[in-house]
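This is the structure I have questions about; it appears just below.
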Amino acid sequence: QTQGVTDTEILIGSNNDLSGPFAAFGAPAIGAAKQYFDEVNAAGGVHGRQLKLVAEDHAYQMPKAMQNINKLVNSDEVFVMLLSLGTPMNIASFPLLERKGIANISPLTSARQMLEPPAPYKFAGFSSYYDQMKAGVNYLKENNDRKVFCAMFLPTDFGKEIQEGTKDGATELGLEYKAETTHKPDEQDFVGSLTKLKDEGCDAIATALTVRQTITVLGTAKKIGWDDVDFIGSAAAFHTAIAKVPNGITEGFYAAAGWPDLNTRLDDPYVAKWVEDYTAEFGEAPSTGAVLGRSAAENLVMALEAAGPDLTAESFLKAMEGLDYIDRITGVKTDYSTTDHQGGDAIIISKIEGGDWQVKGQK
Amino acid sequence: MDILQLIVSGLANGCVYGLIALGFVLIYKATESVNFAQGDFMMLGAFITLGFTNADYMGLPFWLSCAMAIAIMGVLGYLLDLVVLRRMFGQSQVAVVILTIALGFVIRFVAGAIWGHEPQSLESPIAGVELRFGGLALGMDEIWVIIVTVLLTILLYFFFARTKLGVAMQASSQNQLAAYYMGIPVKRIHSMIWALSGIVATIAGILFASKGSIDPTAGLLGIKAFAAAVIGGFGSLPGALLGGLIVGLVEPFAARYMPAGYSQIFPYLILIIMLIVRPHGILSQIQTKKV
Amino acid sequence: MKQDTNAPLLKVDNLESFYGPIMAIRGVSLEVKEGQIVTVLGANGAGKTTLLKTISGVMDPEKGTVRLQGSEIQGSAPDAVVNRGVVHVPEGREIFPILTVEENLKMGAYTRSDHAQIAADMELVYDYFPILKERRTQEAGTLSGGQQQMLAIGRGLMTKPRIMLLDEPSLGLSPLLVGEIFTIIRRLNEEQNVTMMLVEQNAKVALEVAHYGYVLELGRIVMSGEAKKLQQSKDIQEFYLGAQQESQRGQRRWKQRKTWR
Amino acid sequence: MSLLELSNVTLRFGGLVAVNDVSFNVEEGEVFALVGPNGAGKSTIFNMISRFYTPAEGDILFEGKSILEKEAHEIPSMGIARTFQNIELFEQASVLQNLLVGRHTHRRSNFVADMVFTPFVRSEERAHREAVEHVIDFLDLQPYREKFIAGLPYGVRKVVEMGRALAIKPKLLLLDEPASGLSVEETQDVAFWIEDIKKVMGITVLMVEHDMHLVGAVSDRVMALADGRMLAIGSPQEVQNDPAVIEAYLGSDGMTDDGEAA
Amino acid sequence: MRIVFKTSYDADIRLFKHNAQAFWYLLLFAFAILLPFLVSDFLIGEATLVLIWAICGMGLMLLVGQTGQASLGHAAFMAVGAYSNVIYQLNFNMPFLLSFPLAGLTAGVAGALVALPTTRLHGIYLAIATLAISVLTEDIIIILEPITGGIAGIFAPDIEIFGYTFNRYGNPVELYWLVLAITFIVIYAYRNILRSPTGRAFAAVRDSEVSAKAMGVNVARTKMVAFAISCTITGLGGALMGHFATVFTNETFNLIISITLLLIIVVGGLGTIHGAFFGSIVFVMLPLMISLTRDAVGSLTGSGSITIPGLESGIFGAILIGFILFEPMGLYGRWLKIRTYFELFPFYRKDMFRRQKSYLKTERTR
């Protein structure tokens, strides 16, 4: 008997941030995934089994995350983990997941540790922050002739990845990585950091800040009249809210992520239908988190379909590793193999133009 | 020029802290308890305004929305005291602190449930407008923040120092029993001050949201504002502004002149040093007990 | 406001008050007539303070009634009681330590809005206690013990009460001032018809100014009567006025003490 | 050499001279009383001796040594204990625990030994308790032994304060208005206690008191202060009959009143 | 009401007030030891977490409840304990039996160092200073990257005692017993402090600094000792938390954790050992109950699962408000009342526990 699987039900766990600093990603992701599972369930489920999602909220607190993992794995006995948020939280859950043979699908973090060191149960949906930033640096060099790279980051695992990606990206291309500034999540004012970076002669700045801070940084740069500079963020800054800031404050901001913005995909009827459904249920247009949630949920359902009626940990892993498809929401080619546990390998550079994210380049 | 720009935006930034700090001090001055949900009040006030004025929601005129949000938060503050906090009357401060922390959980949930968890921008006429004086850039939002904060501080200062009600508020925080003996309706005064702090929080929230964007966790900023109020001398209104300005000014200067990895710790380092030098804040509100 | 001079201004019936499980007053009944000074005597811990606190509303009684001019006020909020003209000058100088002396006095007049009269009353208080005028701007918490006591009494006067509950007003005052305080009490009573309920350890002086007296022991009224009569009572003399014989004192002094091991 | 010597001590609060060039000596074995109108500076003198305040001018000697370089918490271990005018007890503790804190200066264990509760700590604890029990017996506090301070009547608290100071086993005991708020009967108890403290325990007493009966009954010498300055010093009778003292402090009433008591 | 006849000075010094009390506590200890035979591994995991929080809570309780010193930065000392414990094991090859007490000691020394400049601070001023120190700790961990692993975090190895390993997933029951044993030791030391001069000095500083000084208590030193002991205990708890979490980073021990500790001791009942336990039970079990209820309701209504973001923390906050309103003195206060009720039975009055009106005075004069 496989844990979390009965004849009528498959239990899916998620250890998420639904009320803490990253709720802006976690909450819509879980909402979108749940909505998709409901659709699948209404259509009879997967091989006759209903999908049941148990999402626990750790609010980005480690002890709470440990408690949730204990509950999900040892009490609820879930079959698979989906969309778990937070690098340390995911890492801390790995020993238990490994012991129980539970797969960790599409965690909501693009840290390299989600796949390194490689292990059978680790899967990631998209490219890592590190690779994203390297591609971003390359893009800005090729297209905007940027030479002096800098970074503004939160001293966290996420910030560090982006800083390293930028730094390595720049050095590999023979460019200069000149300066950096560090911040606290509750910091509000960036005049000091920006004048410093301006002084240092930066012409491209990678940011790894909260969404709210990113908006403030862009506004401040405009205000102090610094316009011959490019800002680029990662998947974590690839957020609708940033594009939607009024008065064009965020115009010209770049983001390197594993997928394009939804706006560019609305001509696909499947996507348009989903956007409509999602907006109907949640009262707001799907944001980045929702995109990730939906695409991960589809990914999981596809793997469960492929695993066949005889669902075990082994059959599931095998099915995952055999997946190869174009993601219907993001349009990104997604494939896994025994040696490649990263689904989407694309890196797409987008830019805010006219209040929307536009695709500018792809790797 | 550089330095001038740093000072100007540091001042504006500090005024936001000061404005939130005012809310802390108000409550403390009249009830001697600390409202850890003050930051969340601010967030809620901002969201209510946003709900009224943003095109996605009700699309009402901005100033009308502000007035309505301020009124609603005032009433909410009053009711909160009437229904919940009044039952804690006379209980230890730390229990009240825990209560307000728990209240913060609830407010964040409610805000998230109504307005979602993603940052949103307040569609405010004072956002994104810049004025330039030579090389110096000053946002309209910043000018507003500075003016409103200074005015509010002065107004509240005179309210507490000069008016009968203001002095009675201070009296009822110093000795609830004696205040009662004098016929001061201590509980009603508490409700009034909670209403007032709801109003101040909303003003802070509107200005804060105009300077950037708002999401349900924005209230965490309150902790830094609290720290600012403390180094200013907790209980002193000018102290709150002063503390806010210090934190606000230290931030950009540290970011400008300190190496990465160290700059972000400076506000806290300064805070500790200030407290070691002046253990009861700059404008100390502590009196040595006469025995 | 016409009042039946015989009907009591304040009437307490069968009052019981508790501190948690501890019963501090056990069915106290007494009355205070308009224009009278009534004193309550009793040893330490007899429940005098508790009685006054219950009347002024800072404690809720478990049982019994407190009637002010016939209407029940027990259990109502203390500020409501003050608004009806009852002021309590508490034991232990509950002043506002971080307000100035003048602000403290102003707070005494919180319930009033007749500004001219308030200013006049303030001058009157300063007249009674010149040192307070001198220290107008000093923070009340830094006053000496006796000065704080003066402030507490002065602040009580500022409410312009109809009835004053005075809990040990002479505590910590110099002999000169003790004399003055009682002169003031008598004058207020006679000139402004303020009714007084007075609790004092200094029973001798208390009985001198009072019209009527009650003796409270272990939470019960054990004796009452005209102050003049009480003064004559042998028991009162012995226990409250200190008129004991030397031999008794000596005996008390060397009484056998149990030792706890 | 006197036990306690104040020489030309002055203390100002801003512009206010609370204590103005005051000098006096307290001899070993006597009961010395300070009297004077409210705000004369009596409690302030106590506060300087217990080092809560530092005099602006002058010196304070205890057993011939200046105590000005000592800190407040070092004073009790030199042998000076005090009570407070407004009662400063540990409200959330029992009478017994309050008195035990008075034994703090006699403690020889450290916090590590305490944590392990070594036999030494235990035997020391027993000794402390024994000492405290003697004080409890002396002051008749048995009925209140386990009671929390928060619920005690005023008079009992005054006594507990005195007990706590006695638990220190001081050489000099400072009593700030020991009889205020006490009934006649209790005041008499206090008089007896003070006598015993002086005669049986051999402790010198310096006290502030407004009750002239008590002052007359127990003190050997009295000093009167007004506005921070010395008015008179001498035997109780001398001081009570001093015209300046009568004028500033006793009032004409007071004289007849206390004249008969003395 | 039990009346204890005290026949020797030792009667007051005993660990237990009387034999019946000793009996009940020993029964409770026995129950704690036998718990793994009664419940599943999952619940044992939760019970271990309760104990760890209770240890950390006792550390803060000693400071806040016993000494009256506020701290909003105790998570920093958990961090010191957690990091130093693992660093001693990894970098210095120390066995757990050595690294663990040393980690506590390290946290204690850190606490004393923090106390050194801050003994003049009171109340919220101290709270803010400790908060700032706690924020700085996060950055210091990053700055000390070579030994702390910085942002990437640090992995705690399995606990090993004489070749026997304890792993939270491998043998949760044994780990539970280990933590339980440590809990007993901490409780015993705590009780000893309470019944000795150190504890009395703490209480003296808490109730009145003025008279503590007048009684010869060196207030600054006492505060420092309190900080040292408190941080030692919390550091030990942090070290266990480190092993329990298996990995931790600069972000793990943050302000929220400090607030949580405060929450635990206040909800449990300030000033008592029981309080730390009641509080951590509430803090660990309440969210679990909420989650389980949510799942059960979800199954009942057939909607599969309920995923309303933040619902749990919202409900948690609401219930917490209920707890505080119901009993501002903390759960232990309520427990005492219930006990008194039974002891007095049938001689209780209906509203004996009704709250009397109470009034506060300023703490701005000191």
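Order of writing sets the chain letters: A, B, C, D and E. Residues in each chain are counted from 1.
In this section, a contact is a pair of C-beta atoms (placed from the backbone, for glycine too) under 8 Å apart; a residue touches a chain by one contact, two chains touch by 3 or more.
As the structure is a prediction and not an experimental result, all values here were calculated from the model.
Engineer: Which contact partners do subunit B and subunit E have in common?
Structural biologist: Common contact partners of subunit B and subunit E, which must touch each of the two, are A, C, D.
Engineer: Which chains lie in contact with each of subunit B and subunit C?
Structural biologist: Both-contact set = D, E.
Engineer: Look at all chain centres (mean of CA atoms) and spot the one farthest from the centre of subunit C.
Structural biologist: Here the answer is chain A, farthest from subunit C.
Engineer: What is the chain whose Cα centre is as far as it gets from that of subunit D?
Structural biologist: A
Engineer: Sort out for me whether C-E or A-B is joined by the greater number of C-beta contact pairs.
Structural biologist: A-B
Engineer: Can you check how far apart subunit C and subunit E are, centre to centre, with Cα atoms defining each centre and the answer in Å?
Structural biologist: 47
Engineer: So what's the Cα centroid distance for subunit C and subunit D, whole Å?
Structural biologist: Each chain's C-alpha centroid was found; their separation is 28 Å.
Engineer: For subunit D and subunit E, let me know how many angstrom lie between their CA-based centres, rounded off.
Structural biologist: Here subunit D and subunit E have centroids separated by 41 Å.
Engineer: Taking each chain's centre as its mean C-alpha position, how far apart are subunit A and subunit E in Å?
Structural biologist: A distance of 36 Å separates the two centres.
Engineer: So which stretches of subunit A touch two or more other chains?
Structural biologist: Only 19, 23, 26-27, 155, 184 qualify.
Engineer: If I count partner chains per residue in subunit D, which residues reach a count of at least 2?
Structural biologist: 43, 52, 84-86, 88, 133, in rising order.
Engineer: Name the residues of subunit B that each touch 2 or more other chains.
Structural biologist: Those would be 105, 108-109, 112, 117, 174-175, 177, 180, 216, 223, 261-262, 264, 285, 287, 289-291.
Engineer: Provide the full list of chain pairs in touch.
Structural biologist: According to the stated criterion, the contacting chain pairs are A-B, A-E, B-C, B-D, B-E, C-D, C-E, D-E.
Engineer: For a test of understanding, state which residues of subunit E touch subunit C in their complex under the given definition.
Structural biologist: These residues of subunit E touch subunit C: 6-8, 340, 344, 349, 351-353, 356-357, 359, 362, 364-365.
Engineer: Using the touch definition from the top, list the residues of subunit D that touch subunit E in their complex.
Structural biologist: Against subunit E, the touching part of subunit D is residues 50, 52, 72-77, 81-82, 84, 88-93, 96-97, 100-105, 107, 109, 111, 114-117, 121-122, 124-126, 128-130, 133, 164, 168.
Engineer: Touching subunit D in the complex: which residues of subunit C?
Structural biologist: Result: residues 19, 22, 43-45, 49, 91-93, 131, 142-147, 149-150, 168, 171-180, 201, 203, 239-242, 244, 249, 253, 257-261 of subunit C touch subunit D.
Engineer: Quick check: in the complex, which residue numbers of subunit E touch subunit D?
Structural biologist: 9-10, 12-13, 189, 192-193, 195-201, 203-204, 206-208, 210-219, 225, 229, 271
Engineer: Show me the residue ranges of subunit D that touch subunit C in the complex, using the header's touch definition.
Structural biologist: 13, 36-40, 43-44, 85-86, 133, 136-137, 140, 142, 145, 151-156, 177, 180-188, 192, 210, 212, 248-251, 253-254, 257-258
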